[in-house]
Amino acid sequence: MIKIGIVGGTGYTGVELLRILATHPEAQLTAITSRKEDGVPVAQMYPSLRGRVDLAFSAPDKANLNECDVVFFATPHGVAMAQAPELLAHGVKVIDLAADFRLQDVSAFEKWYGMPHSCTELLAEAVYGLPELNRERIKTARLIGNPGCYPTTMQLGYAPLLKAGVIDAASLIADCKSGVSGAGRKAEIGILFSESSDSFKAYGIAGHRHTPETVEQLQRLTKDKIGLVFAPHLVPMIRGMHSTLYAQLNQEISNEALQALFENAYADERFIDVMPFGSHPDTRSTRASNMLRIALHRPENAKTVVILVVQDNLVKGASGQAVQCMNLMFGLAEDCGLHHVPVTP
Amino acid sequence: MIKIGIVGGTGYTGVELLRILATHPEAQLTAITSRKEDGVPVAQMYPSLRGRVDLAFSAPDKANLNECDVVFFATPHGVAMAQAPELLAHGVKVIDLAADFRLQDVSAFEKWYGMPHSCTELLAEAVYGLPELNRERIKTARLIGNPGCYPTTMQLGYAPLLKAGVIDAASLIADCKSGVSGAGRKAEIGILFSESSDSFKAYGIAGHRHTPETVEQLQRLTKDKIGLVFAPHLVPMIRGMHSTLYAQLNQEISNEALQALFENAYADERFIDVMPFGSHPDTRSTRASNMLRIALHRPENAKTVVILVVQDNLVKGASGQAVQCMNLMFGLAEDCGLHHVPVTP
Amino acid sequence: MIKIGIVGGTGYTGVELLRILATHPEAQLTAITSRKEDGVPVAQMYPSLRGRVDLAFSAPDKANLNECDVVFFATPHGVAMAQAPELLAHGVKVIDLAADFRLQDVSAFEKWYGMPHSCTELLAEAVYGLPELNRERIKTARLIGNPGCYPTTMQLGYAPLLKAGVIDAASLIADCKSGVSGAGRKAEIGILFSESSDSFKAYGIAGHRHTPETVEQLQRLTKDKIGLVFAPHLVPMIRGMHSTLYAQLNQEISNEALQALFENAYADERFIDVMPFGSHPDTRSTRASNMLRIALHRPENAKTVVILVVQDNLVKGASGQAVQCMNLMFGLAEDCGLHHVPVTP
Amino acid sequence: MIKIGIVGGTGYTGVELLRILATHPEAQLTAITSRKEDGVPVAQMYPSLRGRVDLAFSAPDKANLNECDVVFFATPHGVAMAQAPELLAHGVKVIDLAADFRLQDVSAFEKWYGMPHSCTELLAEAVYGLPELNRERIKTARLIGNPGCYPTTMQLGYAPLLKAGVIDAASLIADCKSGVSGAGRKAEIGILFSESSDSFKAYGIAGHRHTPETVEQLQRLTKDKIGLVFAPHLVPMIRGMHSTLYAQLNQEISNEALQALFENAYADERFIDVMPFGSHPDTRSTRASNMLRIALHRPENAKTVVILVVQDNLVKGASGQAVQCMNLMFGLAEDCGLHHVPVTP
């Protein structure tokens, strides 16, 4: 059994980690920290966990995280980089669900997250935790920067095309839509039910933190310079992410050949479903599961290819992906504890 | 492995059975019938099942249901009673998720369901499939009438009080609220998104099929004559059921004693969670799981007791309960394959 | 034109007042105060008002409220009672949408709202602003306590029966459901989209502020002692309120006679719609309008009568009712500026 | 008063026409037809109209539409072209909310709508009813093809840029999102609450009827060849449309100059709101009103301009626009009866 600690488990990625780990056959939940909720049983805050998670939150100093095998950070940005060095020094592996170890470019991190990076010496060994594109490095990693939700969809959607060199890397347009849980469990007016229900809007069009992360990763797949317009939107649903990705083909290529690029790229992937050409996946087809589905379109067979990517932002876009990384790091089957069938309807 | 057939698996209780059985360690899905969808892969209709359920729908006459160990009917009322005799004759157990075998009172069935009962000779051996109140009979049953969703909440909410004789059986008021999936997967105007979203209404106040079912079962718990006003309402949510049950106490009794009645009644129940007195459970705390939660209230300590009951109408209110029955009928652990942690948020 | 001031217009009842008054032919919006938003154009906070409301929020001390004809308080409880005396002294009429002037029973106010009442000398002249039950007094009032949303439905639903003396006043059960906007525009976790969407729950069953208000008013309609169990619930919709009211008939009475009680009581009421016996009104049939609809039921013709009442909690349940009172106070047609047709779908 | 007939008023554009016309000071509702609902009071089907619309549906042959001043067709495609010739011959003006008179290209109509066009002789005089781009022709029209909802947003969003010649007309990408009411009031599985709530998906990416309509109209604004990728999506909300439009600038131009293009183009438009550069309008800021809001963005000041356009698909996208056309055709103020303030929250 793997002894697991969670730092900051009161948010949505935290409770989703708990939901997944509660039935993971190799996971032994050892500690979960929250300074503010010290002593409060987890199941009191989340009645869905009554009878399934017996832990109480504990203050960080009481949690003996150094005795864990792995610690997940489901915290605001900046927390993991403060605590990771000590944990690593004690032989504890670290998976950060925030952004501290996602970006290799420190100046980009500091610009977009508005804080100095206190732990740059660890960046070199930090591994970007997207198994489908980075599996071998994850297996031997001590420190994982778990991908952002939007970047997961953009990378997995564009990767086969960029690797094959069939699209113009400089004119990518990603029109992405997320359920409200992606904004976290924060007491903010804008994500109140009465504000975000029965309405739809874009946000962050001028610039969003997930752009530099995505560009940095996509750039590793091609020598051409990546140019990306990323437009996120807020959908009145709890979970779910739908990315509509546009790319300009730079050569003649049949729809069949496009489809084959994706089917070959993901043939062995347990959590990537390449649907028939022309499908329209809905986000609910991934709800509460670690699946990500992809479908290709080519409007009027012209030079634009449209890639539709759906996932559950809290699972493949966050906590499920983190557990997938953990499985790889500990030599388990990659899908261990991740067999949830999507909940429909 | 138990060889399982499903008749009529295109509706919501059907797909929910498939979701549950796809990860049930003792279940071997053998056939699923739909005359209309003959030959269509199940995963084509429900992409959430892609890679998880490989069956295709088959016409009833091709399905070899007689070779199954158990057949679930997730069909409109009237189908199971037509097919059950032959299946039973071949040694196949039958679990009907519709109403054909719920009511012992044939005239009530015929009045409320508007059809003659074609199979009254089997009613005597049909067992009402509510494990918490009827476990021993279910274990040896060949034929199960799986309870309605509302009746499950009303029975489990009133049972401890009726058994203890502390309430007036004749003045029960059950104000119940269901998510829209309870209305099934039918092309009807009234349950369109644009009709039922962002709105709330009652329906069937003058009389509802679940009243006679509930009264028949509650009457088994007390010698006093049951009187029940049942008022169902439609909530703009997909899954979830919340019953607010009112009863008049007929004697002095402390809140602690009331609470103890419930805690004792359900102490050994895996799927019933008696919450602390005065709790307000939300339906999402049971979402996509087989849990049912109960909380007691006593406004201003007066003679009215209020019992709040929540469940997922498609799981404990339908398909999960049916699998729970199956587990009992085949000598498996009662919670085999039913370990889903509720999905929150 | 009536010069109108609004204190605290940043919440939902405030913006709804603005929506209504922006097209009210006799209203001249003069000032709207918010200490926090001093100088911010109203339409910047609420883009729905761009081009329709040109005012900016101003700090209370700059607002010259004393020069208004009427001031609405769309504030937290306790604000109106601090400012009403000075306004009244300057000849300004006051309509408080909070609770400061709803309860004549000061001790009940202080118990339920947790603050001393600083203005008890004005309570005697304060008029409860429910026009259908209190029209004549409103016409001559200087100071209005605008009813709570739930109490409006309970009073209008029970009044004809209590006045006629045909029900047992001591055993009223009101199972009420409100959209989330009823909780206000506050940054609180519990009313986030991801917390309250796709779920349903009760709250405040043990006791709620609207119980004493309702009981005080209902008691004026009958000599019998009122006993009320009030159970509020939160519905995943923005606007809308549905009250399911139960009462026990104390005599033989036909359904036709019951219906006639309501039709006669509300025959001349512009905003009360008594629907055909046995109807199931949905809340959306009142959305964004000042209408309140009522329908009667009698399950199996027994002694329980069920009264269904729907309204838009922000209009008839708050701001529309306040404007209705204003119209009466200033001798305008009662429905002046309140002709909105409900928005469906 | 203008005598008005409505053909096919049982759908959402029909009831929305009724909501608007019920308070329109110059409208006299004379007849509303529905073969299926002959004799049924409109307010019985739509209780929101109780007391506001006294008409009953009548069979087409009884409706005396020839005596109307104008007839609106809120019908499926193909109905208006069958009845328009006779109405026009009787001097009745016709506004078709379906597609019969939107496309001048008959072959495109026949391809996309799958039926022959039975009335091509009238196409030449049919006027495309988008007042902001076609006002003068509407004023004198006898026959209006009311624009599609998506095309309204795409045209008003791209027009100032195309007219100014600052973008590449051949590489337009329109990623559009609509509330579910846009799919109409049809008993179809895919738009059930339990299918489309809490989920998000694209549809019709390979080709959609609104593409040829939009291209035909956009082509009138520029000599360059229009190339448009149009990707519609379904949002779990009732009303509202959000179009995210991408265009490639073909020259150096400042953000201020871009903004000025729009502010100048729409300076006198009552129903177009050009918001400050960089705004993120939400659809609810137009709910139940005839407003359309536009905001410009330029991610990282590069060559892509992003235009956000929001409207209520049933008002400016359908019935409100039709009434706006009617006002122009009858010499009324263009905003007569269209003063609704958007409903927020």
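We call the chains A, B, C and D, going by the order they appear; numbering starts again at 1 in every chain.
By our rule, a residue touches a chain if its C-beta (ideal position, glycine included) is under 8 Å from a C-beta of that chain, and two chains touch if they have at least 3 such contacts.
Please read these numbers as outputs of a predicted model, since none were measured by experiment.
Enquirer: Looking at C-alpha means, what's the farthest chain from subunit C?
Expert: Ranked by distance of C-alpha centres from subunit C, the top chain is A.
Enquirer: Across the interfaces B-C and C-D, which one involves more C-beta pairs in contact?
Expert: Most contacts of the two pairs: B-C.
Enquirer: Between subunit A and subunit C, what is the separation of their C-alpha centroids in Å?
Expert: Chain centres of subunit A and subunit C, defined by C-alpha means, are spaced 45 Å apart.
Enquirer: Can you check how far apart subunit B and subunit C are, centre to centre, with Cα atoms defining each centre and the answer in Å?
Expert: About 39 Å, centre to centre.
Enquirer: Starting from the mean Cα coordinates of subunit C and subunit D, work out the distance between those two points in Å.
Expert: 36
Enquirer: Would you mind listing the residues of subunit B that make contact with two or more other chains?
Expert: Answer for subunit B, listing residues that touch two or more other chains: 12, 179, 181, 185, 194-195, 197-198, 236-239, 281-282, 284, 287, 345.
Enquirer: Any idea which subunit C residues touch subunit D in the complex?
Expert: So the residues of subunit C touching subunit D come out as 12, 15, 19, 22-23, 46-52, 181, 185, 197-198, 238-239, 273, 275, 279, 281-282, 284-289, 293, 339-345.
Enquirer: Which stretch or stretches of subunit D touch subunit A in the complex?
Expert: Residues 171, 173, 175, 177, 179, 194-195, 197-203, 205-207, 227, 229-231, 233, 235-240, 242, 244, 246, 248, 278, 280-284, 287, 297-300, 302, 304, 306, 308, 310, 345.
Enquirer: Give every residue of subunit D touching subunit B within the complex, in rising order.
Expert: Touching subunit B: residues 12, 179-181, 183, 185, 187-189, 191-198, 236-238 of subunit D.
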